[in-house]
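For clarity, chains are labelled A, B, C and D in written order, and residue numbers in each chain start from 1.
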């Protein structure tokens, strides 16, 4: 027995100790109380992941910067060809300097301006594709998972398409259509939603027959509200994660298609185009900055979104909650 | 009374969970006698599983024995640290079987191999000899056509049959002590009866000492020689099966027995325990059951009761046994059982 | 034994439920099931895993489609396609309590929504205030504090969650509640709470229960009549004490003998019977569902029935 | 018996799929820009000339006739002739010269990825949350997040300058084999490590591991006899696909290092707009995908006794 206990005991009369204590029924009902909220815990676990938070901060500032960059003073137009004031010729491959922060490319365009313009383009494509993937993927996946009669048919169709490598589908589509911003988006939208739809379908099949959905059916809850209230809230975290992960994926595909010559037209700067332009100069060490700068920005973006997406998916898993 | 084969004293087990310390076992003590079956009863979270896992060094990686001793064959198991030391105990001397037979077997290996593996490991049998012995053991645990079953995979067995295989694995170890962790909870009643019979038969035949963990008092009555009642990480009452069922002393044991529908009277409300068990992350003061006990004394909230001896084999941790305590009437069910006990005793 | 004067609430006639499995042949989960449930009683349905007991409950509440036979509620057929009006009424009058309180509550919704869900569906409230009042009342009735309405289910223990599930059913003011193993996943010390709550609610609101369970000892405590189901067929049906006194079907007897009794002296003496379906020789005479005594039904062929008669006489 | 029935059923399914895919791809091909059938002369020709050429190629027939002709040729093993790449040369001939390079590089890379990837995954699972797990995870994140073109270019750039390995492939120089093969395995290593780690962690949390420990098996024995084996089974399914994918050539690496393999060929064919060659390659790559999945399912069924009893689960 500790000294503290001794003291408490001696403070109360010994006789009194052996009398009945009052029984508080409400107190016994409250013992199980814990202060837990799903989203609160998800955010807390996410914020504990330091690298993910760093990435989040970097990405928010980077996104903000891409959009305000053109309005800052002293910014150059990304497609203007700059001329050498002395010779009047194109200012080709000018190394980074005070005037041209990241130097100029092989026809004298300002690389700094091109990188931010390219980032805007690439992110725009990635976000459009991501939103489409999620919107269409969920709608289709929900149908696939929830309407039992459709399951077999859609599954067969899925298996056929899934059996062909994505690379091939994309290349084929991009080859058939002419290179343009629209083509790029169409090509990626044509394949990306499939994975999302399958994922949603599998999730819905897992959740669909849980007892709480049966309970809702017993109470006569209409299907639309079962989907809204019982199914989608369980998918929100997954959806956020999928968008985050689809962004590096889409950027990667853009680089790939550009690399094999099916990307955006060269006059539209994009990360893929910039990397590809830089690659051509690989043999001359002094010009490598034209590859390194865009690659660095590109990697920063893709790695950050990838880390954030994974950290969020960990955080959204109730097993990691406390 | 003979010497216990295993004797645990004031065992404290802690877990670290996300930066917080949880005290799962709060100084529990236990004696296990050779050839007997000891049943540990308790609700989920009472620590019955965790407690017995310390006998095998099988706590999860975030848990440890903080203090206390577990004496077995002159060794203190609480002091064992390395896997090498535990390998001399696990399986060889003390074996364990688990609750869910559906997941306890490796789905990708034949049933025969999973038993034979043990024979090769512990008894040094090889090849044909090991196979013959495996088939013999399969027959011993009541599996018909063992030679054919030897080559089958777990998914080709029903739940009851799988539990027999798990038991066969434990028996193949040839242990002194067998710990059964709720082995019939996932099974149907009729299958449960058969498994209980099998375990009893094997005990007689092989001279096993058994620790049987369960929350079902009906099963306890069936298998146990001795009973330990656990609540919130502590053994609050210990005695022979008769003593616990017919002469329980701790209010929690009373409550458990009285709330059983089997002992209730139709049309009348059952005795019911209010509230929920305490949160083991918090420090527990006094008697852990006090907040849910309508008959609690003030001292129950201040000071932890010691064990009071009721008979040489029966003791309980409750202040009600203190001579200074007021006389407390147990619930009607308990009185009825005591009366029956008294009648039978004459 | 004057069963005829009692009002029949639910009638199940020659019920057959099939599931389309992986193969071509459907899996027959329930066949030839016939029984009545009287108003105000607790009807126990006992069977082991996979016996089809849950399937019957779900067929009555219309989650599982009926392949053959019919189900009537207050004399009206409620199986198959029924008019919208009746559908709405039946949805309100028949409710269900589920087995696993951890899985039967929507973790992402507050208790308030969970309990009101039925109200929203039936628009059975005047205004927001009335709805809140009803939720509060339902929570109090099951012994929970009204302040719990604003919390999420994970904050509650198993027993509390099960009571939230009961409140969700009660708020519909049902007449008939199907309880699918309502206490089997609860801790021993919590079970009594829930059982007591169910009994007192039954008395207060003159509810009728169908109590599905694998645990005969619980059913014995709570049920007025018990049906024993084995592999999709009901093999015996009788008043509770009659069934325990005179179990006829060998499966019922095996089941009774297997229940563990929390009394060491009784338990150690008991003999466990093993049921082997091969004892029945149904090759020539098919078994029939027969009322062998008033209110005591058993499944057997002629030879078996005469044997059961003898048993009852002795 | 079960195994044979299962294999036959899957074989039938795959054949149907191949047929559907080939037909779909062939029909899509009809939408290709027609310039691709004309070498460089398109702009100089009169419309009648163009029509004559298209007619001689059978491209003006109704689509079902074209389809019939296509299958008739395909059954004879005739993939058509190249138009721009090497005019009038049968595509099968072009391919047979390329395939050995792709196969050699592919198999080397495959062996490297398997050996290193599985080893990494095993180490990560055993040391979960510790130093090596973190290092390898960083590698996996990097490879998965950064587009392959970027890290492959940088590998080529810096490794060649540091090690003095040749920057382009040269059949005659054995040292020029090293870098492409190693680069080719980067993705595979990350993939195998990631999945192996995940599956092993899954297996380690299963109940049968508890029983195995209670049996008295050492953790090394449990790892070898139970965990690694079981964790490998789900990966077996994707093994044939990745073998076929690697031996059919890496698009990036073959073109980066100028390796005369099939992957580089596809990029070339697209850039010079050789329609028949693109068509042939797309058909080959798609069929390989389907064959890979079929072999994967069969392999998986060999390892996992439960599969044969169930119907194939469709979407995985």
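Odds and ends about this structure:
Everything below uses one rule, namely that a contact is a pair of C-beta atoms (placed from the backbone, for glycine too) under 8 Å apart; a residue touches a chain by one contact, two chains touch by 3 or more.
Only a predicted model underlies this, so the values are computations on that prediction, with no experimental measurement involved.
Comparing each chain's Cα centroid with the centroid of every protein Cα atom identifies chain A as the most central. The chain pair with more C-beta contacts between its two chains, of A-C and A-D, is A-D.
With chains reduced to the mean position of their C-alpha atoms, the one farthest from chain C is D. Centroid to centroid, with C-alpha atoms defining each point, chain A and chain B lie 49 Å apart. Inter-chain spacing, taken between the CA centroids of chain A and chain D, is 26 Å.
Between chain C and chain D the centroid-to-centroid distance comes to 56 Å (mean Cα coordinates, whole Å).
Counting partners per residue, chain A has 29, 32 as the residues that reach two or more other chains.
Counting partner chains per residue, chain C has residues 157, 160 touching two or more of them.
Not a single residue position of chain D touches two or more of the other chains.
Of all possible chain pairings, those that touch are A-B, A-C, A-D, B-C, B-D. Residues 206-208, 210-219, 221, 225-226, 229-230, 233, 303-306, 309 of chain D are the ones that touch chain B when the two sit in their complex.
Taken together, the chain B residues at the contact with chain D in this complex read 56, 58, 83, 87, 89-92, 95-98, 100, 103-109, 117-118, 121-122, 153, 155, 166, 169-170, 173.
Residues 1, 5, 8-9, 12, 14-21, 23, 25, 27-29, 31-32, 322 of chain A touch chain B in their complex. Within the complex, the chain A residues that touch chain D are 152, 155-156, 158-160, 162-165, 167-168, 171-172, 175-176, 178, 198, 201-202, 248, 251-252, 255-256, 259-262, 275-276, 279, 282, 288, 291, 295, 298-299, 302-303, 305-307, 310. Listed in rising order, the residues of chain C touching chain B in the complex are 48-49, 157, 159-160, 187-193, 195-196, 199-200, 214-218, 220-222, 240, 254-255, 257-268, 272, 274-275.
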